Amino acid sequence: KNTKSNLAYLETIKRFSRQLILPEFGPSKQDILGSSAVLIVGCGGLGCPAAIYLAAAGISTLGLVDYDDVELSNLHRQILHTESSIGMSKAFSVKNAVKNLNSKVTCLTHTDSVTSSNIMEIIKKYDIVLDCTDNVATRYLLNDACFFLRIPLVSGAALRFEGQLTIYGLDNGPCYRCLYPVPPAPENVTNCSEGGVLGVVPGIIGTMQALEAIKVLCGIGEPCSGQMLIFDALTTKFRNIKVRNRSQNCQLCGSNPTINELIDYEAFCGARATDKDQNVSIL
Amino acid sequence: EQKVKMVNKLKLTLEWAGGSEMIFGNIRKRTVELSDEVLKGKDIRSLLKWLKADSGFLTHNPELFFSGDTVRPGILVVINDSDWELCNELDYQLQDGDYISFISTLHGG
Amino acid sequence: KNTKSNLAYLETIKRFSRQLILPEFGPSKQDILGSSAVLIVGCGGLGCPAAIYLAAAGISTLGLVDYDDVELSNLHRQILHTESSIGMSKAFSVKNAVKNLNSKVTCLTHTDSVTSSNIMEIIKKYDIVLDCTDNVATRYLLNDACFFLRIPLVSGAALRFEGQLTIYGLDNGPCYRCLYPVPPAPENVTNCSEGGVLGVVPGIIGTMQALEAIKVLCGIGEPCSGQMLIFDALTTKFRNIKVRNRSQNCQLCGSNPTINELIDYEAFCGARATDKDQNVSIL
Amino acid sequence: EQKVKMVNKLKLTLEWAGGSEMIFGNIRKRTVELSDEVLKGKDIRSLLKWLKADSGFLTHNPELFFSGDTVRPGILVVINDSDWELCNELDYQLQDGDYISFISTLHGG
């Protein structure tokens, strides 16, 4: 019609040409990405690669959630942050990197902690949520909120030399509580601050979270639901484990649910919902 | 007439991942051969009992791995690449050659 | 000794603390990375994630090779480039991103095409080479040059929804020619411009190239040598295929080698050593 | 007296990857059951011959996949997760249940 929109159209064709020529992808899937919104909870080791690959692929809107600021000790694995962004909000820092690569992406930053009182309002705007967090309480919170809104949850985790990936709440697949009805005792939980992690491991898992989000949104391939991918970096081995189906007995998604609204997840897990001091014995 | 007592042995591969290996001497994979005498019920329940009491593999507080006669919350038991929930859990009848993994859930990012 | 070096030391400890506390890694491996040089040939879909994760991990020196400039159609997968770096040399663009994350990394940029006449001079300074290229001729060139200098070659490749990863020339493992003594006919070769590629696929493979480089340099775990990892993004499945040993009959690394110096690789492959026009029938 | 002619059948899983699937109707995995009559030598050589001449799977120019009685350069044949070079290549004697992959080498980045 007018020159400006024609130019924008041609730019889109050019930018995404290498995925537009994929027969399984093509313009129809590009359009889906171009009108989809993904929420990334945690702008750290998993969230950084997930955000940049989704932005590169042409996602319309990225929600970026992190209450924390960039620290020097993040930079060995959180590759979108920079030395000059130390002290800045991680969500803003990721937004900067995303905008530099693809200025068309709408970035919504959330720098408060996600809690039972604000999570529903945040995630209801999104088509899919990526769990890129570092603590058990937030993992249960996201699972429950996503189930109530019927939003699929792409869950990644990394520690030491190992990674895990699965999708919860997709079609008839299980939710996090189907697999883990009871939270682990706080003393049995290790996070990256305590256990350490080789930076490439969340890099690989976070990039795969972006892949699974693209597959689910576009309806291509077989998403990693009903199965868990486990990765051992020391032997370069991946395994796909078939996990249980949605459980009839699940307190959340089963046939007689007892959890019908969000609860107090820090009390439930006996642990704080922060990446920093995981193993708090007294709350 | 000679009486031959048949001793059936099960050869199993046991694997630990996600951090659970640390409770068992930091060794990720072990092959074991267990007779029916050791493995009374020939099921996962008796395997766990043997692991806890008799294997000699445990190097840390058993409560980091066991809870009652099962494993603690957060550890996934996987039988030949399938979640044990799909295979009768504690009652699964072990077969010769089974590959049993104990996968501790990761939470880091 | 003096305050300045003490401060630098403390900064290093803080930056790498999450990998320093890994028992298999620790200060001794950090020191190895801090005195190692990695050459990345190709600053595209594979080279971008490989470069940034090696920089994040604390590599001393990165060689960045690419004769090409950043284009808009690169940005769907080459995540270190930005809209404002379009038209800039890809090697410089990667250097900028690397320096922003870790200013301590020495970056050596090479913006000429690598050829039989300049490759030996370039790679002899490096401890390991990453093949992040997009064409067959350069893959044979790098293989032969690395063999002559006994430098391990971490080879990644990605196309459409699939990826492949292996290490050539490590210990008694095979070289590229052991597996592929005869180059494919040019008409049987597809590159990303023609076949397309989903951006996350080189993202995953390139990050794994960084992982394998770290493992080989530090001597931890079991590097992906003598085996090939193949990845299918549509099903989220990885397979480790056991490949042949070093071949006695290999013309390069066998017992009676006939290739004793670099050859004309474009003539050998019947194809240009550029990412752009692969299938040239007349040279 | 009745003569029973034993027809042995081999069940094989065939897989194409790396682009080679495009030459065979863009189908990545097929299960086939082949008798000794079809698979004369019971080896990979005869499997390739059958694929080329009789399978009906080929949808493109055979030269994109075959070269003489073998596969073209750049295609790796994998027998049960092992490079066929480790298993006698064309002469490998097929077993019931074998998983044969044809993996086209990727060059993109």
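Should a chain be cited, it is by its letter among A, B, C and D, assigned in written order, with residues numbered from 1 in that chain.
Definition applied: a contact is a pair of C-beta atoms (placed from the backbone, for glycine too) under 8 Å apart; a residue touches a chain by one contact, two chains touch by 3 or more.
Please read these numbers as outputs of a predicted model, since none were measured by experiment.
Colleague: CA centre of chain B versus CA centre of chain C: separation in Å?
Modeller: Computed value for the inter-centroid distance: 41 Å.
Colleague: Between chain C and chain D, what distance separates the C-alpha centroids? Give it in angstrom.
Modeller: Inter-chain centre distance comes to 32 Å.
Colleague: Distance between chain A and chain C based on Cα centroids, please, to the nearest Å.
Modeller: 28
Colleague: Could you tell me which residues belong to chain C and also touch two or more other chains?
Modeller: Those would be 160, 192, 195, 197, 240.
Colleague: Name the graph shape formed by the protein chains and their touching pairs; answer line, ring, star, complete or other.
Modeller: Graph shape here is a line: each chain touches the next, no loop.
Colleague: I'd like to see which chains touch which, written out pair by pair.
Modeller: Pairs of chains that touch one another: A-B, A-C, C-D.
Colleague: For the complex, which residues does chain C have touching chain A?
Modeller: Answer in residue numbers: 11, 14-22, 24-25, 49, 52-53, 56-58, 72-73, 75-77, 79, 81-84, 100-103, 160-161, 165, 192-201, 203-204, 207-208, 210-212, 214-215, 220-224, 227, 229, 233-238, 240.
Colleague: Within the complex, which stretch of chain A touches chain B?
Modeller: Residues in contact with chain B: 42, 44-47, 132-136, 139, 156-160, 162-164, 179-185, 188-192, 195, 197, 202, 206, 228, 230, 232, 239-245, 247, 275.
Colleague: Under the touch definition given earlier, write down the residues of chain B that touch chain A in their complex.
Modeller: Answer in residue numbers: 17-19, 64, 72-74, 76, 78, 81-83, 85-86, 101, 103, 105-109.
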